[in-house]
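You will see chain A twice below: alongside chain B first, and alongside chain C after that.
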Partner chain A sequence: MKKLISIKVVLLSLILLNCTSDSDTIDVIEETELNIEEQQTEFDRSSMLSFWADSIIIPSINSFYIELNTLNAYATSFTSNPNSGNLNQLRDQWLKTYQKWQHVEMFDIGVAEEIYFKNRINIFPANVQLIENNISNLGFNLDDSYNFAAQGFAGLDYLLFGIAQDDDTIIAKFSNSSLNYDSYLAAIISKMIDLTISVKSDWEGGYRDSFIQSTDNTATSSINNMLNDFVFYFEKGYRANKFGIPAGVFSGGPLPDRIEAYNGEIYSKILALESTTVIENFFNGVSYNDSNITGLSIKNYLDFIENDVSEKLSERINNQLQAGRNKIDQLNTNFKIQIEENNHEMLLTYDAIQSTVILLKVDMLQKLNVSVDYADADGD
Partner chain B sequence: MTLLLSIILLASCTKTEIEYRDVEVPVETIVEKIVTQTVTQTVNVVTPPEEYSFTRNGVSTVYYTGQSARLKMATALKSSMNILTSTQANVNDMFNNGTGFSDESLNSSGKKVGNKVGTSGSATVKPLFDGWITEFTTIVVPAVNNSITATRTVAGKYTDPSGAKTVYVNAKGFELNQILSKGLIGALQVDQIVNGYLSFTKLDGAKQDHEDDIYNYTSPGASEANVTKMEHYWDEGFGYLQGLDNQYAPGLGDASIGRDGANLNYYLSKINAQEKEIGITKRVYDAFSAGRAAIVAKNYEERDLQANIIKVELSKVIGYKSQYYLRKAAASIEDVEDVEWATALHALSEAYGFILGLQYTKGANGESYLTHAEVNEHLTNLSAGDGGFWDRTAEELRTMADQLQQSTGLSE
Partner chain C sequence: MLKSYLTKSKVHPAPLAVFRIVFGLLMLVALIRFWTNGWIYSLYIEPDFHFKYYGFSWVKGLGNYTYLLYSSCIIAVVGIILGYRYRLSIILFFLLITYSELIDKTTYLNHYYFTSCIAFLLCFLPAAHYFSIDAIQKEKSIDAIPSWMVDGIKLFLCIVYFYAGLAKINSDWLLEAQPLSLWLTSKYDIPLIGEILKYRWVHYAASWSGMLYDVFIPFFLLYPKTRSIAFVFVILFHIMTKIFFPSIGMFPYIMIFGATIFLDVQWHKNQLEFLRKFAAKFSQKFNFLKLKLTKANVLFKPKQYILPLFISFFIIQIFLPFRYLAYPGELFWNEQGYRFSWRVMLMEKKGYTTFKIKDSINQKTFYVDNADFLTPFQERQMSFQPDFILEYAHYLANHFEKQGHQNIQVFADSFVALNGRPSERFIDPSTDLNQEIESFKHKKWVLPLKDEIHGL
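Showing the complex of A and B:
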């Protein structure tokens, strides 16, 4: 490990000359800063940022974009030829694309942040009333923040699984073009593609370079923003949205209809596990395209700072992430059933995840000397 | 390696002459890291005030209306959990929605008790309270209203042979208003003070704003924001103890204008009467005052010192009372010929609630007396068997009390 020893030598030369006339005292202070470079230096934050951008963020967005296009193609197949084969093909692709999205949601930075990307792709539950109104009126504007809960994956979840009790009726609704389900489906997917293109172009344009060059530790630097995004995603997008809110941690009682992919029923656990992998991979610097390739990561950064510590924080974080994963593994495939039948296990899962929040938000950020840039609700 | 020293020599007499010379001095590469540093530190000396009174521009900056409201709610919930007209919907509204109280000011306060229960710990604790509410209103109330006499495995009403005590209990002998109320002392009040408002994370999270004199709150009577976040957090912690009593004096307030009769401050005052802890109410009050003064003086070390005194002292209430009620119950069932079951079930319910709170405490070593898992183990043992409390023996209860004495390091 290389270190920088910086010794500030302050030479104080104080020469007092007593003069008869003008001045009594003259202080001369000369400061000389002396940097003795003993080996080298500090954590290579620039390489970490490059790895994040080139091996995790950009490939994740590209992969999501590719799946979205396939989703679009299958949606067209289904609406032009509504049958159960095409419906199932579309649903499978919806899940695949939804899984890819889990890899993207965390990176709420740059254009993604400006256009409220995550709020438009994955706010759940969907506002079913709003969607039905939009479908019958067709006078909707998906860019209106009012409509954020009427699009994205939760909107698709409703269209593909929730508009009727059984598949035949769903297919029948899509078969009748005057009901507009087909055009609303196309509109939602088209909007998801447009938004993704904006984010993708941003990274492919100048944003990638400015992202990796911002290596300082200031409130607006990339590392600072990214660490905050990571912790925020863990606390809100992962802990609260996928577990805490449906389990009723923030309300009087459980709210099973708040699970992710509510209408699809059996996908909430798959998505939660995918998201767990995303978190583990980002923390440990695992490349998106090849899990055998790793690069500089938060774990390395922490280990660098804790060079002389035997019980490393990074290990405690990884162990706690694993404890959370083990809990999730035990849950019902359908979180709705889990909550309705044994919410206690859901709450214990939440506890395990909450323990990681404390490690990340308090211990990790303190070690890395980063301030939390989002506020908690104070209550009163 | 060379060290460049710039030495400026000033020579001056009647005419000022300055001569600069650059001198190259060879320096050994051995650099000793013995650096003598003169650190100028402004030590903000804190004079602890006589009373909890703090002003800015002549206006009091102290207010904790939200805490007073929640303590009133907790008191009302305790009553409602022993009233035979209570319904699940009504008590649930009081607990989770902050409505349905006879005191209208509470209904419009926007505050709730439910969302502040056990927030620092396991998410499995709060649903216990919901469960007790459901159990009392849907099982105990109908049983008592049907004049069922409670006995082992049967919910209903039980009166001691002496007639001195009557309890409404579930099939395991739980007097649910006692469990809920004592549970809130730990899971609401102690948790909010110890792990919430007076925690280092909470207070230090507001440090930058405090350093910059940024005012985020407006106290009643002020025309513009005049309280920093850190000051207000501390006041809210104070309010969770003193919210029903007198701001300007330790202990319980004046009975004529209403005071705490059911919550943390009430039990703190009881502890104050114990020989070993005489003066604990004043110690806690003075620590609140001194810590608040330290915040005003921006002396954070002193603040944390006082916070720690408060945490350790308040935790003792839970520590003492959890054992005390186990021993009290043991005494009531000791004489098998003349068991006062209502008295025993009442005491065991109090013990159960206080034991629940042990996970939110902070002992002198900085750790809670018991972990969440250890608390669950004690609660399971205490309520084991189909008969629950009815199945306990005096010996078992004394053993449990001894274990708690060990864990807390406290004895009467």
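Showing the complex of A and C:
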């Protein structure tokens, strides 16, 4: 009889267990010193997250912010004194800032995600009609989501390269203050600065600490969010936006006007290569400020899980990333010309990049047992 | 001997009554959980397109009426628990829950199938002729039923366990400790035991004990002397699976509470007596149930057709999981004969499948963004299951033909990784899937796995 009662108690407690099992369990964070010998049996996820935050993400945002301020200063010089020298100085700085942006776009997490940071800084192509309407009517609100395509780098690209055929006319348009090009330029840059300040102060405030402590394998943990951001950026921001869409992979015909920095034309490849570097560096844990400094990375994480495998997945991923880079190297500096004259090469580049997508989304995520879609349903 | 067992052997109806109540309560919790998690909407209403079981394309999504279906299910379950209009309730429950499962095979889970099977069996069992509102109202109760009626449920549970165990006897599970190695390593965040889950020996220990548990637990549950200890193992085992794999949902509870059917008749009588005392506080009518606990020898006589029906059911259950032998190639890879076979938590498979549409008149080709047509859950399931890929390819062809494209060809660019192996091309990229027809025949356009998995 005693036995029978005990079974009843167990069954009852099971019911209670079921009621509470969905709530969060208490986190136990153990700070462990990392050394190389330990790496075979230990992987310090918190240390990887610290490296991402302190050596990659925060320095990238800071550097982007500094360049943005310089961009702002040069824009003021240009609008107060529109001439060819100031225009070129502004364009050079635009490119420099745009390159720094490539280091920031991937980290769609925290406040950046909440304020649609990447959608507001780098949606392309720009909606030219919308920009011209805003400029002639004023009274626009850049925070409205339909205005996302009328601002950011693509908006600047249009203002600095696309409002007229030749530089003289562009300068002339900016010289005439009643046309409002100067104030729209200032408004876009000022909005970019505001948004960047929000993201920057979020990281410098409490977010960094909560970020590095969230080491669990759950839908909302930092590691999983970052892996999702990385894979999503690679597939969408990099593969599709920079290569696939302009090459016509999804449309049945090439769309050369969909390249990044369309009006500047000659910068599309530089930006794509910069983005390639960002991806390689993040995967391999290369510090933003000093490429000789490395820290714990996805590569180390994969190697830790595959410690008894001879042909490492991380190596295959790096090789395939390199294969993609080699393809990009051979493309025309101007992707528009490349697509118009020999889209086949562009498609081959896309294919090389697509092979990496498979390694990341299928092989890597299986090894790390991380889900990218978080479909909310039971499994068995 | 068999004949005398089937015709003469009888048992007290208490275990069946307890099983009815327990099953009803589990279903009640499962249905409420399903609803409150928002899954009625996200699984059955939100998708524009549903993947159909072969031969069941006539089952249509019900839109917002799905809520009505689930409401009716819940009412039916209350009827089952109370034993009120039981026959109507259980038949209604069986039909409705099975219908909802047939709406979209994306949601297929072994324990949903298990639920339907149990509900089917319960349609024919006198689970509410005893200890039920029906019994009180008719003022008629029974105190013996043919043994095979309770043993049928036990046999079904044994089949589930035993086949789940047999399926684990393969080289990936036992020799590579896969997929548990992949899964457990990533469970580092479980308090206390998370630390050791990265060790290989833990993966092997878990794989082997999981297999041994599944194969042998039915016998230990059946054998009276080992029954109590076996039941303790049932509880421990399923709690462990719930801790490791929270996403398996209700399954552990269904198995634990379902296994109470193996316990002694006295245990069941005690539970019912406890319930009766509780219910009698609210209405004296429930004391009627007490009387029938002591009176003897009113034997329930089942209808003639039920026994042959059960025998047919079990013959199907025993042979269905082996249908994979009729197909060439690797079962885990091709998944021909994988479902409805108690292959539970058996493999880790991830895929990436995109579709190239070719308008062969004007030679235009383009790739489809799956997110335009499928929910993330559907896309994930589609990406590694050949029958999903084919059905979706036809859906796409149909869609783009309506848009004015002509002579559409559909090619799949598909890569799949199985149990930690490197990803391989899954579907022959030169096969126009629009020309392929779904059937029970072998799908030749699935490229063979470049490896062999040995075992059952």
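The criterion applied here is as follows: the second predicted complex is superposed on the first by the 331 of 380 C-alpha atoms of A that agree within 3 Å, B and C clash if a C-alpha of one lies under 4 Å from a C-alpha of the other, contacts with A are read in each partner's own complex, and residues count from 1 in each chain.
Note that in this section a residue touches a chain if its C-beta (ideal position, glycine included) is under 8 Å from a C-beta of that chain, and two chains touch if they have at least 3 such contacts.
These numbers come from a predicted model, not from an experiment.
Novice: If you stack the two complexes on chain A, which partner ends up touching A:110: first (chain B), second (chain C), both, or neither?
Specialist: neither
Novice: Of the two partners chain B and chain C, which one touches more residues belonging to chain A?
Specialist: C
Novice: Would you check which partner chain A:362 touches, where first means chain B only, second means chain C only, and both and neither mean what they say?
Specialist: In the superposed model, A:362 contacts both chain B and chain C.
Novice: One more residue to check, A:313. First (chain B), second (chain C), both or neither?
Specialist: Second partner only.
Novice: Of the two partner chains, chain B (first) and chain C (second), which one does A:248 touch, if any: first, second, both, or neither?
Specialist: both
Novice: If you stack the two complexes on chain A, which partner ends up touching A:348: first (chain B), second (chain C), both, or neither?
Specialist: A:348 sits against chain B, while chain C stays out of touch.
Novice: Considering only the touch criterion stated at the top, classify A:370 as touching first (chain B), second (chain C), both, or neither.
Specialist: A:370 contacts chain C only, not chain B.
Novice: Could you say whether A:264 touches chain B, chain C, both of them, or neither, answering first, second, both or neither?
Specialist: After superposition on chain A, A:264 lies in contact with neither partner.
Novice: Now for A:256: first (chain B), second (chain C), both, or neither, which partner does it touch?
Specialist: It touches nothing on chain B or chain C.
Novice: Which positions of chain A sit in both the chain B and the chain C interface?
Specialist: Overlap of chain B and chain C footprints on chain A: residues 7, 11, 17, 21-22, 26, 28, 244, 248-253, 362, 379-380.
Novice: Quick one: in the complex, what on chain A touches chain B?
Specialist: On the chain A side, the touching residues are 5, 7, 9, 11, 13, 15, 17, 19-23, 26, 28, 30, 32, 34, 36, 244, 247-253, 343-344, 347-348, 350-351, 354, 362, 371-372, 379-380.
Novice: What residues of chain B sit close enough to touch chain A in their complex?
Specialist: Chain B reaches chain A through residues 1, 3-14, 16, 31, 33, 35, 66-67, 92, 95-97, 110-111, 114-116, 122-124, 126-127, 130, 201, 205, 208, 236.
Novice: In their complex, what parts of chain C are in touch with chain A?
Specialist: 29, 37-39, 42-43, 107, 109-111, 182-183, 185-191, 198, 200, 228, 231, 235, 239, 242, 245-251, 253, 256-257, 260, 263, 266-267, 270-271, 344-345, 348, 350-352, 359, 364-369, 375-377, 379-380, 415-417, 420, 422-423
Novice: Residue numbers of chain A touching chain C in their complex, please.
Specialist: 3-4, 7-8, 10-11, 14, 17-18, 21-22, 25-26, 28, 41, 45, 215-218, 221, 244, 248-253, 305, 308, 313, 316, 357-359, 361-363, 365-370, 373-380
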